[in-house]
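Chain lettering (A, B, C and D) follows the sequence in which the chains are written, and residue indices restart at 1 in each chain.
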Amino acid sequence: MMALQRLFNNLATSKLNTPKLLSNFVPRCSYGLNNVGSDDPDVEIIEKKIVEEKTSLAMRAYLQRATQYNSFMQQQTHEYNVGKRHLANMMGVDPETFTQSDIDVAIDYLFPSGLYDPKARPLMKPPSEVFPSKKDAEFDESGRPFHVFFYTGKPNFYLILHNIATKLSELNKFEDSLRKNNILPDPDKKLTSLGSQWLSKEDLEKLTVEKLSDHEYKNFVIAIERLLKHPCSYKYGEFISDYQKPMISTKAIIESAPVEYTKDGRAFVTVKDCPRKDARADVTVYYPGTGKLSINGKGIEFFDDIQAREQILFPLLFTDMVDKVDIHATVRGGGVSGKAGAIRFGISWSLRSFVDPETVERMRIAGLLQKDYRRRERKKPGQARARRKFTWKKR
Amino acid sequence: MRAYRRLCGYATAAVKQETQYQIPTAARTEKKNPVDHDSQDVSKFYTIDPKTVSNIFQTGGLPKPFTEQTNMFAETALMIRQPALEVINSLKSTDFQKPAVRYLLYGQTGSGKSLSLAHILHYAYSSKFILYHIPYVPIWLKYDRKEVNWSSSKNGMADIPLIAAQWLKHFVHQNGALLNELNLTTSQDYVWSQRETTPQGTTLNELVTHGINRAKYACDCMDILLNELKAHCSNNRCKMLVAIDGFNAFFNEKTDLKTEDRVKVTPQQITMVQTGLSAVLSDWNNGAIIMVTSPRAALNTKRESHLPIYLIGRQGFEHIDPFIPVMVPELSTVEFNNMLDYYEEKRWLQKPGGRKELEFLTSKLPADLMARCAPL
Amino acid sequence: MALFAKYLRIGSTVKHGFQAFPQLTTAKYSVYPPHFAEPVYKKQELDKLYESGEIENYKLIPFKAAKSNETCSIFHDPMVAKFINYMLLKGQKKLAREVLEKTFEKIKKLQLEKYNRETDPEKKASMIIDPVVILKKAVANSKPLLKLTAVKRGGSFYQVPVPITDKESTFYAMRWFVQCGREKDKSISFADFMATELIKASNNDGKVVNKKLDLHKQCEANRAYAHYRWS
Amino acid sequence: MSALQTTLRRTTAVLMPIGYYPARVWCSTRAAPTDGKFRVLDLKKKSFVPHAKKKYIKTITLPPRALSMPVDQEWSNVWPGPRTFHPATVPLALRQGYDPKRASPGKYGNAELMKIPNFLHITPPAVKKHCSALKQFCTEWPKGLETDEDCDRHFPMTTITTDYCHSSPTIKDPKSRIVTIKIKLSTLNLDKHARDKMIRLVGDRYDEESDILTIVTDRCPTRKQNYDYGVYVLTALYHESNTFEEWERQKQEADMEHYIWENNPSKKAYVTLTRWPEKVSDDDVKSHSIDEDTVGQKYKEAVTELLNNGEDTYTLNKYREAALAVLLPQTIQA
């Protein structure tokens, strides 16, 4: 936006825009096209003139596109606002206090879709959320790019890499200067990547508004990881954290399920539809108990397979609750190990309510509280099985 | 050496543990004769001396895995359990003038019914009962390239002569000495064919020997033997214990057997089964009848429950009513611990400390426990 | 031989050590995102982590679910589980496990017979009956120190002795056991054959140990090619 | 190429069967083009003559009705009844569908929006309007039917039918013809025989636990017919179960709904046992009474319960106690 404003100012005063290419200044791109079709008539006239006189072909095409896009967005916004008033009227509510969340509720009521994916259901959203943003102009009216890295094709991405590299060399210098004075970089301040992960490829693409290849993304990760591992990396902690996001929170795992009580005062937790492969299990754990187990009305003999029995035992043994709880499970679908795995997950998931937080953490590390999403791999066409290829001989 | 230790750190750890860990010894009782066993001996082991074992069980009666285990441990040790003791106690106090009392042992697969029966058999053997013992009925009815013929004496019935002869051998092995001692004889003439007859007054041993030698008549011989024994018992000349393991197989819907003309045979059509069924009728006294029902003896499709009437059906119930059902439960905690003590004493269980796990995995069924401990 | 192996290892860049943090690139088809770590399902190992304070590193990392053949039972051993997996044919894990358990039973029977025959109390005490220990010992005894790889030099392939990682050598040893079991005479059962073979190997004898020695001999014979690893 | 050669060639060409030799040869004569253009021999007359382009007349359509709607209109007048979604009539900026690269499709030409049901005709103001219009026809709730129990007592039969809500303006779903009739069997006041016969007649339509008989009729095309048929079936069942047919006398032991100890071998076994060692005949068994025999009474009760209620730990234990008292009275005393 800044860049464009500047462009218009320059155009108005008929001066050539000379970006400070020599310095490290590169405008960090702002996303979305704004204010290209200005409302001010004077500006428009001058603009048109100069556009015709001096601007390059690319710039003219760009301006045309931008005006088109803006008017389109304006129209869409207008439609949305009118639609919102209509909807408020339909639902018999005051349109002034009608918010987006009210719209969502109303649409859900008027168009009850049974589609599984919420994304596929009908919606009414402001156009800014619906239409993807577009990149601003990257060059001036004479066709000269603003960005130093314009000719790399992916200026924003390479800017990031460039910044990482400069920071790294600065850190090296800094470290040298420290060592000259016989000071060692503070090991306590050292940054770690614990609890956070790098932005995913999609996130990075969104940030740069550029399409990246896998290879480029890998380069980015290698570069930023090298910066992180530098002993003095704490100097640029903020810069690094711009490209990090927190890891999947373990909070949901550690928070225990709500406890209910039977008539005789025993606590119990029910977990429904515990998944593993094709099996689904409903598990109820009663506490305190005496180690009774019932699976579909049978005891442990429900499973002939010793491995399946061991799986049922695993969480109980791990938490030392073998004879302290009663378990009631119903399981359907799947095979033997699937059934056992589903029950195992149900037991461990409900045991969280009856053990101390440290044990819950231990269970998490032991992999008891993670759903096992692995499924049978499909057979592929042109192959004998999932991975196996047909026998092939060259001659 | 150090390198080796590092390579199998587990081994040294185990060895170290063993030196610290005191290997327990199982609780045993010195009373070798089951007549002396009382409620104080429950959950303790007692050893049967090898000679008695070979006299009673050499030709059947002990489950195969158990026999293998006894061979390895070089002793036959049985745990004294409540159900067997209960039957033995009531046998001791039975009024033998009344008709023979029927007991039915039932319980889950692997809960120790056959070994309880073995204990009772040992008692009966040492109190000089004649044992009319069928080791395991399904063996008779399983397809095993057996010769099945139509019976010559009973119309529409089928004989399995070789199996019957085998059983007669088993009978002689168990009771030969006792029969000689009692000197029981036949009460009437039996005409097998034009040339072969057994005159009145022949000893039962001779009768059985004839059945063994002439396998064709073995099935009839079984029947006659039973009738003779029933009569002798009723006349107070001897005592008899009928013991049938896998009793519910008599009431199965079908067998795997076919006669030579490829006709399928139901259990009710087999003479030996009829003899077995008539053995459990209490139309005689001076004895007792013990039956064992087991889900494993039933057909594959009918093993949902271990309860007796489900297994023998209404017909079976009416055949043996009234009877005393005796439940053989899983091991109690004391029994379970003693059993594991025994295994550890015999070095069969190498890793101590997993008792809770074993209890959960096997639900304290002794046969399951035996199988689970085998690779540990 | 060990010296030779050491010599070869100088040039090797094989790194050992526990990787505490998840790798950047995971297995190609894994359903878990790359930052998921392998679970620590043994209680003793977890206790060790707590003692050393290493556990702090694990607090924020998500963990994969424990597999269906992993438990914290004292009877469970990762090496035995691995051996079962190597024995596996067509995914019949139940059968493979049964066969190995039968093998263990047989080992115990054989060792117990010896144990009962032994009269010297000292020897009796030092006798190993635990089949898992025997398996470990047998595998340790049959682990090769070197392996041969084909390297193309001047148009022809040379069998070049190369140092071997611990994991790989364990795999070699276990694979040899399974191979021997499959090549055996049909009249003996797999379990019986395996039992005798494992006991023999634990005493540094038997087919598998011979296989190892054969490999060593070949490496020794081809030591002239060793430099092909670098040049 | 000399003239001789050309002639030679021509003759050979003539001699060749037509269609075998390339047609090009015939053009290689020395005949010169007349108008300076190179004349091409067009044997198959396939040269393309472009047709005159069809002129499409753009039909003039009115702009969507939604554009001219005032925002404070009465919506229920615009959309009075159930109707498939129409983009020009609904003044909302609706979208449906998902595309990771582009914006989701709008309402025009979007078949997905037409597939899903809509409730545009029953917006909250519309519902209010309907209710106020219907209010004048409502009557008071009848007295004496305040609780569910009262309702059940006065109206023991429940009829269940289902109406289906569609996006289409019809309620003619094939499933709406199905009629379910539920009634508690106890409300029919049947005697012992009739009740047994009824249960045998209806089979699995009777639920023992809740004592409810359920009749589902779906064989007729309309709901009315199905309802009539259901009521007819219920009536027929009632009368049929109240009649006693001659063949019902032939009922045997296996047909009995309950186990009756006196008619069964269990009694014979018991009598034989008590009178041991004398032999008993069938008449003896019949005439034997156990009225004063507490052991026998208990035994009878246990056997009946065991066979009627099915075996479980409780009934088996009871039977065991009774059997012990019969077979081993001395141990019980001990």
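Just so it is clear, a residue touches a chain if its C-beta (ideal position, glycine included) is under 8 Å from a C-beta of that chain, and two chains touch if they have at least 3 such contacts.
Model, not experiment: these values are computed from the prediction.
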Of all chains, the one whose CA centroid lies most distant from that of subunit C is D
By C-beta contact count, B-C versus A-B, the higher one is B-C
Distance in whole angstrom between the CA centres of subunit A and subunit B is 68
Dist(centroid_CA(subunit B), centroid_CA(subunit C)) in Å evaluates to 46
Subunit A to subunit C, mean C-alpha position gap in Å, rounds to 41
In subunit A, the residues touching two or more other chains are 306, 310, 313, 317
Touching at least 2 other chains, the residues of subunit C are 73
Multi-chain touching residues of subunit B, meaning two or more other chains, are 357
Touching pairs of chains in this structure are A-B, A-C, A-D, B-C, B-D
Per the touch rule above, subunit B residues touching subunit C in the complex are 4, 7-8, 10-11, 14-15, 72, 74, 346-348, 350-351, 353-354, 357, 374-376
Subunit D contacts subunit A in the complex at 69, 71-73, 75, 85, 91-98, 101-104, 112-113, 116-120, 123-125, 128
Residue set of subunit A touching subunit B in the complex reads 291, 293, 299-301, 306, 309-310, 313, 316-317, 322-323
Within the complex, subunit D is touched by subunit A residues 76, 79-80, 82-87, 89-92, 95, 107, 109-115, 117, 119-125, 130-132
Within their complex, subunit A touches subunit C through residues 193-195, 197, 218, 221, 225, 247-248, 250, 305-307, 310-311, 313-314, 317-318, 337, 340-341, 345, 361-362, 364-368, 370-375, 377
